[in-house]
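The structure appears below as structure tokens.
In order of appearance the chains are A, B and C, and numbering begins at 1 in each one.
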Amino acid sequence: MKRTATILLGNPLSVLGLILVGFVVLTALLADFIAPYPDHAGAVVDFVNANKPPSAEYWLGTDVVGRDILSRIFYAYRVSLGLGIVVLSIATPIGVVVGLLAGYIGGWTDYILMRITDVFLSIPPLVLALAIMGLLEPTLLNGMIAVTAMWWPWYARLVYNIARAEKVEGYVLAAEIIGGGRMHVMFREILPNCVPAIVTKMTLDFGFVILIASSLSFLGLGVQAPTPDLGSMVSEGTRYLPDSWWLTVFPGAAILIAVFGFNLIGDVLREVLEPD
Amino acid sequence: MTAQDTLDIQNLRLSFRNWSGSVEVLHGIDLRIARGERVALVGESGSGKSVTARIVLGTMQETPGARVSGRILFGGRDLDAMSRTERRAVRGTAMSMIFQDPTTALNPVYRIGTLVHEVLKRREPAITAEEARRRGGDILREVSIDDPERVLDSFAFQLSGGMNQRVMIAMSLINEPQLLLADEPGTALDVTVQAQTLKLMRDLVESHGTSVLFISHNLGVVREFADRIYVIYRGRIVERGPTAAIFEDPRHPYTRALLAAIPRLTGGGIPEIAERSDSFLAPMVAHEEVMG
Amino acid sequence: MRILTRLSIRLATTVLVLFGVSVLIFLIARIIPGDPARIALGPRASEAQVEQMRRTLHLDEPLFAQYAHFVGDLFRGDLGISLYTNRPVTTDIAQFLPATLELVILAGIMMIAIGLPLGAISARYRGRWADHVIRVLTLMTVSAPSFVWAVVLVLLFSYYTPLFPIAGRIAETITIPPVTGFMLIDTLIAGRWDGFLSALHHVFLPAFALSLSGIGQAARLTRANMIGTYEQPYIEMAQAYGFSERRIAARYAFKPSLIPSLTIIGLDFAALLGNAFLVETIFAWPGLSRYGVGVILQKDLNAIVGTVMIISATFLIANLIVDLLVSVINPRIRYAERSE
């Protein structure tokens, strides 16, 4: 743990990642205090100041109904991060359990679980989420369900591969010989060995959940107005290109900053935690 | 005298720089190989024998953090005075190398014929595929491969380890190098197969007049092969002399320990040197040199 | 012979997975809250009309029988009628899919043609500035959704420097009779060289925007694989034989690294198909995206199910092709039998 921290702080790339992610997390947490116009997170209309380019008053300009884009980005980060936490904290355990069962028990359990996983993996992720969103109502909750449904198979795959490799290792055989039950072996012996890979993947995925969620709302199928969302902000802005470029460019850059930050950390973590 | 030596290493030192300073791995090695002579460098893993071969080859110098000093004369030419390009030009033509595991050292996505052609191009860049195939066939017959055509059309993973070893020997000699570096050749193979291919290699270098630096951890393996032996321990040569002298009259304590560790029957594996002893650090013993 | 066995196994798995996809989609479509018949007819329809619709859609039968009808129709190539366009879903998809595929295939080509060499260069100059620059750039390209890159590219290369058209598939002055639906092919069939160039000009920027994250993925993967390859003994052997660094990279390290890279890149095709929805929106590309989003907003059940089935099938076929390609490149699969 200490070693990991040392390496993360010693690598310029991960330091940049930590700064970016720190920025995103802080602005999301402290939006109420640092956003110049906290009430602009909601359905505020100010036509006098509508569609203004960046200025001293509105650093990143205003949207078509006069709301401060910077303030809305801070609140949108709050929504994105919340979504990421919910999705990963549901998808990861499901994937881990499926992967462990399939990888350790093997046989028919393996075959059936992994074929189900394959089915989910063979629908392009965004399309699966779109279909689920389309059949359900486009709300934030359903958005989370849709993204979770496309996410767990990747964890199942990851844990499955590790579990299959580990189950023939000496320490697992030893645990079985001294009478460790299946549950014990799976969760106490094998699972700890999957943790580095899972942590790395979660860091990288945090960024990708934000990315996919913004894609859904870009298509009008995610977070609904007036809740601020980076994807819908870009989507609204595209109608005003190229003159009102700030409507699309800043929310787009906000997505890039957040996802890039998580990816930088995840990338360095991967080299540290998974040497091969 | 220098002029007739294929290789003359003088006071060779190697150290690696890391965060906390530098670690010296070779502490001044002297080693000579006369034209057509077969010399073995024997020591346990980590003694510095493999890095010595890679310094002669010139690849170690390209490793970041490695510092090499001393003089290496190859056919009278100072390798240090050569540019990177010049040194690279020597590799694969005047100097070649055989590796420990023949199967992993042959690129898995090309046929043997293609690899042979590539190697031939090192000396004759314009050589045609047909000519390369003919020459490849000839040299494969020299290493007792009866059906060279089939082997040329195969991938390394389709051939046995012994067969790949012969292919590698053939490839290393096809450009008529003056010096062949053999790093634990065939250690990955069965003992009987290893013995067979070593005999083949011996005959071949003898008929081609190639000088050999043979790296091994096993004194038993080099007995039949080498004219002279250098024993290396922790980056220092501890004893050197003609093979017969070393075997009949080992004078350095470390050499005696190595000899005692030769597997008695056919068993391969790395001989275990039971204990570390201060006596291993005793000064070098040089037997009278009978240059031949 | 090995290839045939492998191919048939893969084909069987594909069919099995496609069957699984149909079950999954069917289940999702049936467990949604609300009555599909009511949704299809809208709130103003009478109870009798809804009842009639329930019978037409076999909703009055048990779930298993419903699925049997669904699969039966599927096998006959019947995906039902789209409520959004009032046409057979297959007709709709046949009209919109080629434009999307054209975009996706071109993006896939760019992904491989740019991503693989970038990754190889990165690995070859590992730890030096070229590597750092490529790593940061490729990490950036995978860190933003394709619609963001599409916006950036449109702003830079269509509005500020008008190098590329903003929207459409071909210049408005050129009319090409549709044959395959692939503009690049249809223009050639019509013998319109100018049309082909115009179509290429129109498809370039959207395809590049779509390929950017794929390029990043492919480059990162190739770098990782090639660094692994550089640790193989056969690379040291090539160095010992004095081959130049460039030759070693291009000939000895790249090809063995290509095999694992290509397999994963086949999976990235899924992302391209999904992301095409995003890029098409920005470039007003007349592909499946507008149709797909339309039918989703309209709760057009048949069309949603049909679209998902077709996209998944396309993805699985693409994977099959990649797998075949890999077996052709990989001699270990071609000649797995050990002689001697």
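Note that a residue touches a chain if its C-beta (ideal position, glycine included) is under 8 Å from a C-beta of that chain, and two chains touch if they have at least 3 such contacts.
Model, not experiment: these values are computed from the prediction.
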Separation of subunit A from subunit B in touching-chain steps, minimised, is 2
Computed over C-alpha atoms, the centroid farthest from that of subunit C is that of chain B
Between A-C and B-C, more C-beta pairs in contact link A-C
Chain-centre distance (mean CA atoms) for subunit B and subunit C, in whole Å, is 52
When centres are defined as mean Cα positions, the distance from subunit A to subunit C in whole Å is 22
For subunit A, residue numbers touching 2 or more other chains are none
So, in the complex, the side of subunit C touching subunit B is made of residues 127, 232-234, 236-244, 251-252, 255-256, 259, 329-332, 335, 337-340
The residues of subunit C that touch subunit A in their complex are 13, 16-18, 20-21, 23-25, 28-29, 32-33, 135-136, 139-140, 142-145, 147-148, 151-152, 154-155, 159-160, 267, 270-271, 273-275, 277-278, 281-282, 292-293, 295-297, 299, 301, 304-305, 307-308, 311-312, 315-316, 319
Touching subunit C in the complex, subunit B uses residues 57, 59, 64, 88-93, 96-97, 99-101, 104-111, 118-119, 122, 150, 154-155, 157-160, 163, 181
Listed in rising order, subunit A residues that touch subunit C in their complex are 13, 115-116, 118-128, 130-136, 207, 211-212, 214-215, 218-221, 231, 234-235, 238, 241-242, 245, 248-249, 252, 255-256, 259-260, 263-264, 267
